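Shared between the two complexes below is chain A, which pairs with chain B and chain C, respectively.
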Partner chain A sequence: MTRRVLGNGLIAAAVCGLAALPILSSGVAESAVQGSAPEALVRRLTAEQYQNIIADVFGPTIELGGRFEPDMRADGLVAVGASKVSVSPTGLEQYETMARTIAAQIVDEKRRGMMIPCKPAAENAADDACTRQFMVQVGRLLYRRPLTGAELDAYVGAAALGAKLTGNYYDGVGLGLAGMLSSPKFIFRVDVTGSKPDRSGEYQLDSYSKASHLSFFLWNSGPDAELLDAAASGDLTTKRGLARQVERMLASRRLEAGVRAFFIDMFGFDQFSALAKDTTLYPKFSTKSATDAQEQTLKTIIDRVLIERGDYREIFTTRKTYLTQELAAIYKVPLATIQPNGAPDSWEAYEFAPEDPRAGILTHASFTALHSHPGISSPTLRGKALREVIFCQKVPAPPGNVEFDLVNNVAYKTARDRLKAHASEAVCAGCHKITDPAGLALENFDTAGTFRTTENGEPIDTSAVFDGKNIKGPADLGRAAYEHPATTSCLVNRIAAYGRGGVARSDRPWLTELESAFKKSGYRLPELMKAIALSDQFYRPAPVQSAPETSASAPPRLGTVTPVSTERRQ
Partner chain B sequence: MRSAAALETRSYVVSYFGQAAYSEEGDCPGGINPTIEEQYLKNLAALGYNGTEIEAFAKKAVEEGGNDIERLMYERGRIDGKPINPYVYPETVVDPKLVALTGKYAYGFDLDGRGVDDPDGFTDPETKEAGIDNQFFRAFGCVRPYRGSLAGRPTYWAWAWGQLQDSQPAWLITLSGEDLDKDGEVTVTFDRALEHLKSNSDGSPRHDVSYRIDSDPRSHNVFRGEIRDGVVNVTEHGNFRMLQNPLVAPELNLKSTHFRFKFRRDGSAEGILGGYQPWREIYFAFASGGPAFEVCITGDIVGLYYLLKRNADADANPTTGQNDDISASYQVEAVPAFAVPATDIQRKAAVGG
Partner chain C sequence: MTKPIERRAVLRSTTCGVAVSLGLPFMDCFLNVHGTALAASGTKLPVVFGTWWQGLGFTPGRWIPKKVGANYENNVELKAFDPFRDRMNIISGTKYFLDGRPVETHTTGWQIAATGAIPIGGQSGPSLDMMIADVIGKTTRFRSLEVSLDGSRGSFSNRSGSVRNPSEPSPVALYARIFGPEFKDPNAAEFTPSPAILARQSVLSYLKDERQQIMGMVGASDRARLDEYFTSLRQIEQQLDIELQKPAPLESCVVPGKPEEAPPRSTIGEVAKNNKLFGALLAHAVACGQTQVFNVVLGSGGLRKPGDARGWHQYTHDEPVDDSLGYQREVTSFIDFANGAFVDFLRELDGMREGAGSVLDRTVIVWQTDHGYARTHTMDNLPILTVGSAGGRLRTGLHVSAPGDPATRVGLTLQQALGVPIQTWGALSNETSKTMTDILA
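Then we have the complex of A and B:
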């Protein structure tokens, strides 16, 4: 108990300014702190980024021992919402708990030999030189920049004080490290800006912020030592130096983590944590089904866009995917493996037959089950998701006085009949014209994602007119998504905003340029990421304003182009 | 054998297997057989203990537990007056004369074809067919753990299935025919899988899971059959052999195999599998559990031995005249599955497919 109280004090002392954490959650406030440039962005690390950094710096076996506060979605992305969130007092406790848990593992007898690059002169007393060596090394990786002299002195001093009071060198180092991990300088990504050297009056990110932009964009983690070296040497300020690093990072296997993180964000897969189905009606669907459904889509995307270096749009039409036995049972397809009894499911490459109704990720359970109600499918939710998630189009919220009696009336056997009755009310018809055609084309999939041909004994009709095209069902919808101009413009918009922390109307020329480059590359995602990473605009301070919802070149338009400030969580 | 024209194939995995029971009021006019505690006291008398001694045993069992009685029961066999394991040598124990069922109804089939002329014949409560041969149900029908119905499974069989479903390779049933939704010829194949039955998180059997077929020919059974009015019936009554689990019987062997199987609306199916089964194989499955089974679940094992022996109704031994087989019927429930030849998967794995 004594140590805990002591530790709290030390951490607070070391953190220096933790009380200002909520203020630091605003980009504007951070700009004031930096005192150099407007619109510098501060983003809270996402849970995955935090985990990735700890794994990169200390190894994958380190346990975090805490939980993260929920992320917030803005403009369709958690990556953009990260600049709009703060840390609550409870969240701060969790960060501190995790910091202590992690630090204790670093200095424990099992790991200290590997983690700390020197041995103290005596284990029962401070050794500032050894501590300094350790703090310099890990501080650079955790803060994504070298520690300032004052910061270093503070952490070394905290460790020395800790060692003195506890009589143990390693306990002191652990307390100092916990302070570093509790600091907003670790928990928040801070864009530090300065004037461009060409005296154009524009601002640009400094080299270390550039390194962070690159690293979080491509790897969803902090910069590695080589990237930080490039920042230190000024390489990132030259086109050749920047290109060298971008090429290296794009060639790395870690790119997969970055691409996964982006699609998890864009497709709203964080909603899987709350996904549940009525197990009385759908006993097959479990939390494992939900986990596997998400992974199926991610594996399919990675296979198409990274491994095969294919056209991004193919993810909406491909019959090639990966399945576990869990999912195969939901999809009602045979998938036998050589796994022994009791072994975890293995992932198997699978290709749906040409006559199978499944083609593309819109027919995956990650889409059909995620965008449904617990006990019943929802053409409206599915259609809305297609519009908002895949096409970046705004679907207006339903009016407050909407009457749901008709849409819940079981006298209508199929969803089409229920929605037809519901949409006969003028106040509902407008939006349902936007959402329902696509959703009705997916009605062959029940709320768990299992194929069906009837609902309540009535045959299901999946024909629809979608943005002027006659479609007959799921495969046609996938083809329509493939051909829809909003599919690619939306991806460009989202990935640019994801990497940079947001895009504004003023970014339209940049986005148009990226769309053009993307098209020229044959819609190869790595090429798009490369174009973003090499563009000047990517390193300009991100806007505090919201992003445009649809690109200028993406007809037909729906509703307004008013930015979406937050996304639903149903 | 020739297969029916196989344009459609449906596979199922067996999701419940146990004796088909149809217990009803009045089917045991002599009363239900005693509980094991009561039976043990009777067995003590058979061993020569007098009333006072038995009362003392019973009192002690109530106050301190029944260890003394159980120890005596574990060695209640006698050869030349010496104690013998009764489970291995049941005939070293005097027949406790448990009573058999005399009710009118039992699930099953008219295996001997004697129909209404069969004095031991039951009537099937579902098909209304007379002359049903199901002496296994007659034998055990008045012993508590074996009483029940298709919906209210007998305690013993429900417990046994609970043990088996997670430890025994699943059984597969595959139907092949021209159009399984219409009347016509069908081929019925029983196989053993390499995997255990897969369940949902709520414990219900999971539909549409893939199972590899064990290539061991001992568990491969093919029968010609037909579909009439949505019910599959085996029409060629050969032998049935399936590796099972020693908890129930190391193998399930049937002669004159009969099987009927009907589809449910949710895609699952249910049916009855029947035939003549070697009754000693049934007995030794019960006996293998010894005293633990006897006390906890099966009831008096020696009593079951004599019930089976007395009610066996087929394959008289030419030397002794004792029937070696007993007519039996089992309840089968199954859910849709994919039956995949194991060799295909192994070949695919070998080439890195």
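Then we have the complex of A and C:
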């Protein structure tokens, strides 16, 4: 069993008047890998990685025709939860359906000429030589390494048997390909540890596993042919060869997909699939609004950290963003479009005025709407999300046997009043000091993310004391997040764990080095990614991880009022 | 057990349209759970197990019948069950034991109810329904079917901590899965094994051959996870095996029409509509021999009324007890709705007639919840309901009072009633070997 340890500073819990418990910054698992050659890590491809590989290998127009099993989140990341999940029968049924759907498109009359590098001797019988050519080519990209002779024989054999059963060469190839796509060797990423320790006496991954690590980290997809060539030639085992590939991949347009994937994971945007707002109360918040809200934040981040090569922390303070008409309606701002009449809605650059309280991604609907109830905002949920998602601080679950009588919507018109009443109970007094101040500063946004200044006719007070600082509202909260030391250390922790499949106590020196490099670069994300991609530790077998936190397939957690620790010590 | 190479050898020796099934083993799907009678002969049909997961408990003082034993009168909150009173049991007084572990509200209770234990380090045993499915569900096309009524893919059915069976939130998608092109009507006059299924089966046999190689590449914990992949693979193979066999005729099997679903959301109107659709689909699936195990998640937490800012869960915390009524008015209205939904679901099963009986007659559904009283997150005095006699294996019409006993007693009893060879179930204080003999026939 793993035990979490300090990350950004330990918060001691005085959970609802109970004995203080050690609460911690989450995301660092105790090392479980020491001594002899460590075990390889096995991770199930995430839904997005699966889709990206198919698009890279066969083209973006291929339809999958199925549905993925829900991913699992562990230590704050789906990328870490991927090493905790397997495949249920229902899930495998879907993988097999998708494999057949994809394969059928590859061998259909429209595509087979482009996809299969040869023509069979006859279309009504097997042609092992031609099949072999095809399987060698796609197998290397799908399995992220060359197929072994036995694997190749097996899939060529499957295609031959398929041709015999169906009386059609291409259908046979399709069956062989479907087998390859249903294989655990495709669905799971298997890190293979090199056979010998390196100069420091520690083991690293073998070259093909290194290539996969790099590619999934920077592009969120499998390695391309050039990276596999570098792995084959041994280039990835030399500092110069590795640096050449890292530079190439960082300079690629595909880096954006990788950065997006990381923030989608870190910010939990997968939860948007289950997000619903009451359509009677919030008719403007549609499915498209939810999609646009994620995209607004991602575009803002990409703009800051990749295009402008800015300081990562600026995502919490920037007034520059992008909007669609859909979002403009939610934010109640006029948005001029330059599209001709009849053109579909497009994204427009937008900058909130200097005096506007809206600044930074914490004021985006992707944060305020995602961390709310369907019909009402929740300062507690928002504050908890800030602690856990942005600062990597773990907030404990609420205890049982709490009376909630005082929190009712009749006597108290604003969330502040309701929570104040709730927190006036001794059992809860210490519980909300960590989460609620940040959430109360965001009360200018209702559950749909729409700006407001009153609730039930009462003016909303967004002032708060947040980690010792007086803040006056949403923009101040963004500034506080910018200045908070946990903001950058959390980012380092998360992105290192994201790339490597987890981090352990033994990684602390590595994380400290990365934090230092990040600071030195002016908190430039590409520089941090480069430092990770060039470090030895990145290619060492990942640690065994702590327990999963949530599963998308698990029933939604129902807790709303979340008691948290109040005392903080370094 | 048939080795892959043997299967391929059989398949290679055949051509499309030839009765390949002759080369495959006789399937147990024609047998009932005792393995003694062919379903087609019209004798006893096999038992069915279902779960209904409805969170947020009931209101203390409003659900426990005054009388223990038979001929009890339903208390106010359970009046909706009057039509089923003699075909169900109410179990009161049981609790979830925490053994010093912190309670994760709305989570820990479910974990104990489903698996008999609080997971440690993400490791979890199989859930109750999987234990039972491994006994009664091996010969049906689907080992189990999971649905949720709130639009989520949440489920309490899991093989282990790393394999959870996701719920299907869409009746239309469930219909396609069960009654789509791969469905074989047991009453169809003609049956020809599908060449496409034969071909798929041959490919899957190659995957099975990869097991040894990939297992050799990974460590112990990953081996367990990969082994679960191969367990799933075996189930898919079995599914295909069944699709290659001519199914035994089932008199009551009628292929339903494709449903027109409400959007899978968590407002009560949509939940009510989808609940009936799911009930009808599962009843048809059972009658057509497609499954003998199903799991339904009501998804109480997010259940809302249109235009109301708060949902059921929030009301349990936010709503004061009405002094004049003595209970939470809004919360009670949600409990009434959910109980009504369960009754609607039961009616769908009972409406699927099979000779003199119904699907419900050969079924037992267990109703469980996360907290006794959601307002204060209590873990004791839990309501548990069982509906149906599982073809006479359980006695019904009883109120059983078991104050202070682990709730796992009910799970143990149901497993034993349905043929799971276990003497004890659960962990630490939730472990029990005390069968609930009151309800065992």
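Observations on the model:
By definition in this document, the second predicted complex is superposed on the first by the 491 of 570 C-alpha atoms of A that agree within 3 Å, B and C clash if a C-alpha of one lies under 4 Å from a C-alpha of the other, contacts with A are read in each partner's own complex, and residues count from 1 in each chain.
Please note the rule applied: contacts are C-beta pairs under 8 Å (C-beta built on N, C-alpha and C of every residue); 3 or more make two chains touch, one makes a residue touch a chain.
Fair warning: this is a prediction, and the values are worked out from it, not measured in the lab.
Once chain A of one complex is fitted onto chain A of the other, the partner contacts of A:S463 are absent, as it touches neither chain B nor chain C.
Judged by the touch definition given at the top, the superposed model places A:Q537 against neither chain B nor chain C. By the touch criterion defined above, A:Q133 reaches neither chain B nor chain C.
Touch criterion not met for A:S252: it reaches neither chain B nor chain C.
A count of residues in chain A touched by chain B and by chain C gives the higher number to C. Of the two partner chains placed by the overlay, only chain B lies in contact with A:K284; chain C stays clear of it. Contact with chain B, but none with chain C, is seen for A:A329 once the two complexes are overlaid on the shared chain. Look at A:T101: by the touch rule set out above, it reaches neither chain B nor chain C. 279 are the residues of chain A that lie in the contact sets of both chain B and chain C, per the superposition on chain A.
Remark: chain C residues 8, 11-12, 16, 53, 55-56, 102-107, 110, 119-123, 143, 146, 148, 151-156, 159-167, 177, 195-196, 198-200, 202-204, 206-207, 209-210, 213-214, 217-222, 225-226, 228-233, 235-236, 239, 265-267, 297, 299, 301-302, 304, 306-311, 313-314, 316-321, 371, 375-379 touch chain A in the complex. The touching residues of chain A, when paired with chain C in their complex, are 1-2, 39-42, 69-70, 72, 74, 84-93, 96, 100, 150-151, 154-155, 157-158, 161-162, 164-167, 171, 175-176, 178-179, 182-185, 187-188, 190, 192, 274, 276, 278-281, 373-376, 396-405, 407-410, 447, 544, 546-548, 551-561. The touching residues of chain B, counted against chain A in their complex, run 194-196, 198, 200-202, 204, 206-212, 336, 338, 340, 342, 344-346, 349. Taken in their complex, chain A has these residues touching chain B: 279, 283-284, 286, 288, 325, 328-330, 332-338, 341.
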